[in-house]
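Here the chain labels run A, B and C in written order, and each chain numbers its own residues starting at 1.
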Amino acid sequence: MKIRNLTKKYDENVVVDSANFEIPQGKILSLIGPNGAGKSTVMGMISRLIARDAGIIDFDGKDISRWKDRELSKRLAILTQQNSIQMRLTVRELVAFGRFPYSGSHLNEEDQAIIDRSIKYMELEEMEHCFIDELSGGQRQRAYIAMVIAQDTDYVLLDEPTNNLDIYHASNMMKMVRKLCDELGKTVVLVLHEINYAAFYSDYICAFVGGKIEKIGTVNEVMTKENLYEIYNVDFEIMEIEGKPLSIYY
Amino acid sequence: MISFIKNHTLTLALLPVLVILSFTSLFVGVIDVTPASLFSGDQETVLIFFASRVPRLLALLCTGTGMSVAGLIMQQLCANKFVSPTTGATISSSQLGILLAMLFMPASTLWGRALFAFLFAILGTWTFVFFIMKIQFKDVVMVPLVGIMFGNIISGITTFLAFKFEMTQALTSWLTGHFSSVIRGRYEIVYLVVPLVIIAFMFSSYFNIVGMGKDFSKNLGVHYKGVLFTGLTIAAVITASIVVVVGSISYIGLIVPNVVAMYKGDNIKGTLFDVALFGSLFVVACDMVGRVLIAPFELPIELIVGVVGSVLFIGLLFYRLKHGNRAIRRVRQRGEATT
Amino acid sequence: MILQKEQGRKIAVLSILVAAAAISYMLINVDFGNTRFFHYSMRIRTPKLITMFIVSFAIGSAAIVFQTLVNNTIVTPCLLGMDALYTMLHTAVVFFAGTGSILVLNRRLAFGVDILLMGLIGTFIYDFLFRKTKHNILYVLLIGTVMSSLFGSLQSVMTRVMDPNDYDALLATLVASFSNMNSQIIWAAVVLLAGVMIFLRRDIALLDIIALGKDQAINLGVDYNRSIRRLLLGVTLYIAIATAMVGPLAFMGLITANLSRKFFKTYKHSYLIMGSALFGMMMLIGGEIMVQQIFAYNIPISVFITVAGGLYFLYLLLTQKKA
């Protein structure tokens, strides 16, 4: 996926200013940056949730707006932060929605098998008939990821998947994301607040400041003292753990 | 002198307009009454003038002042710009009171009905405010929403009773406010507004303090509950005395204080006079429209106010959504600063 | 699978209750001995019963669909003044065409014109309302309530301007009510209800997905904005049908839709819609029997629905979790 000159304005405020980057296939790319830097907006635009004002989003040789909705939803899945469902829905029913792009509301044997597999993959078998609104935040997030797995797309976009999770569930979530990439071969794009999760679990980092791309590259290229100072305006120390650069700030 | 004019531009603009409009209003009607015929001493003209036109104008002025000041008091006390006799169940409670008076004391005079209306208006308003204070809504918009619904339920009960005892015809006159039945000897209750507004004026600083909250008032040695309920009682009695005479007049208590606040900012000190002026102007103008539109017939003022008021209120809500709680003047300044 | 069976049983129970109510409505106080009277009461009651079925279905399903569109269960189209809008548009047509025009005399033709206007103007107004408030539900509700009273005032103004002397009589011919049902348009209404349903069948099938919220629906490949607009059009037309037949019924949809959601506890719209319609039928028919038997036709059923619905609305508003 190639992004060219992507721009978004609200009234006269330029939120995203001609961003250019590519999403490396089969890898994890994390979008980081301070609040209001435009990272979630970029995510929204490349997943067609938000209309863009200018630029090209080239997905497999065709601009994303020229894809058919159904076809695109077989290739690209997005999970945003706001998933307020006011209805009574069991985990299995939610995951089954992931098969909608393929079979509509009439699921066949194959769909059922895929749903079973996704539920198992996210270790949700025990609660598959529980209602979503009775689950904890971490469980609910896993149920949504299971739906995305059932959707069986090459690309998975996750907007702050660790938001509202405690440390235990958040790090488990990140391990899960890593597995999605390593075991299932998916291309994953994340918006993350916590830079150390980005550093430890992703392959590439793209840092936004004020709607512009400040730094982009592999984890090791971006995670330096000088770069982080430019991005966040705070002094950092970089430490190496398990061969990954982690940052300390105070 | 210059600073006086600067601080009172609104007042100075409103006052002459109100005087001119009121004067015109005296000479609008089915039977021609002109200043010339009046001064020539024509018997019939003089009679119409003093038995119908003058009472009507006085009732209009009292209504405009009363409703808008009642709204202002309620908004100050509850510290919520969307509370008013319309959105606080005051009007519908007084209607229920009037109906009950007609049911239980068929021979009751206007004063008897007024007493019932006072009682129910006070009870209804107290209940509503007690309720919203108890719940402490996160969003200010919840308050008018609950208030309107609360009012709807009370109106529903009123309609039920009216149907049950076949009083719907008698009640209609109090449901849609109109000034056509205001003549000498049948409207004087509305004068109650005058002393009540004066009392409200004297206590306005207390209302301000109470609006800042319970702890704030305690700190300044103001008896919170006492002032709160006194203020609400004044607003309720003002409203009820108007409803008894002319019927329901919605939106004025809601719109007028908000429009004035948009120009003068949220500094409430000194807006009471402007609110009263603007309220009177609004009512006199709406009444004139109602009298001219299908002359020789007359549209009840409630309909004109209902159309104009609800359009203004919707505009106000959209404005608030966009700009939050800022006064127009400040928004304009900001606009100039950025462009 | 077991769940599905259980839902089927619930539908069956509701249907039996509705059938029982319908039969008792038809047969209460009927003089079987006298065939003339028997035929007479049947001729009066049958169209009334059918009208109640149609109205319940229209309001019940419109309320469920609308709640899903705006992703909130305390909002219904009539709370936002859609019924008042219809009444106003109808009056406006008569106002501009004149009281003697064919649009007043031929109810079916008038109905057709009203429906057309309602589809255009209603969709525009409510689409605008949601976009402008950015789906802030409390503002939507408050503005809707105020719009409702605005439409009411405008309608009264037009009626009074048309005929200041005979205001009450004119109002009664313009606005349908339970004591003055507009049964002449039964066939037109049935055709329209079915037509809208066929026209929107694809979008209706998407409701389960739309209920997941905008982001999820788009993610799963739904052309969200298009579906929303089409369904909104359907809702306005359904409300128009119901209002044309029995006049405004502000709280009915709120009550039946929420009862259905609580009773079926599912996201499947086929059940929710059926349930909402069935609850509506029970409410209307039961209410009508009560009005006949206890209050001897004195009190219109809409008065009860207003009081009960208002209390229920306050209850829902105050107990909702995230305001």
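Points to keep in mind about this one:
The definition used in the following text is that a contact is a pair of C-beta atoms (placed from the backbone, for glycine too) under 8 Å apart; a residue touches a chain by one contact, two chains touch by 3 or more.
Quick caveat, the model's predicted, so the values are computed rather than measured.
Across the assembly, the mean Cα position most removed from that of chain B is the one of A. By C-beta pair count, the most extensively touching chains are B-C. Distance between chain centres (mean CA atoms), chain A to chain C: 42 Å. Averaged Cα coordinates give chain B a centre that lies 34 Å from the centre of chain C.
Remark: chain A and chain B have CA centroids separated by 55 Å (rounded to whole angstrom). In chain C, there is no position where the chain touches two or more neighbouring chains simultaneously. Touching chain B in their complex are the following residues of chain C: 132-134, 136, 138-139, 141-143, 145-147, 149-150, 152-154, 156-157, 160-161, 164-165, 295, 298-300, 303-304, 306-307, 310-311, 313-314, 317-318, 323. For chain C in complex with chain A, the residues that touch the partner chain are 71-73, 205, 208-209, 211-216, 218-223, 261, 265-267, 322.
By the touch rule above, chain A contacts chain C in their complex via residues 47-49, 69-74, 77-80, 82-89, 93, 97-98, 100-101, 104-105, 151.
Every residue of chain B that touches chain C in the complex is listed here, in rising order: 135, 137-139, 141-142, 144-146, 148-150, 152-153, 156-157, 159-160, 163-164, 166, 176, 250, 293-294, 297-300, 302-304, 306-307, 310-311, 313-314, 317-318, 321.
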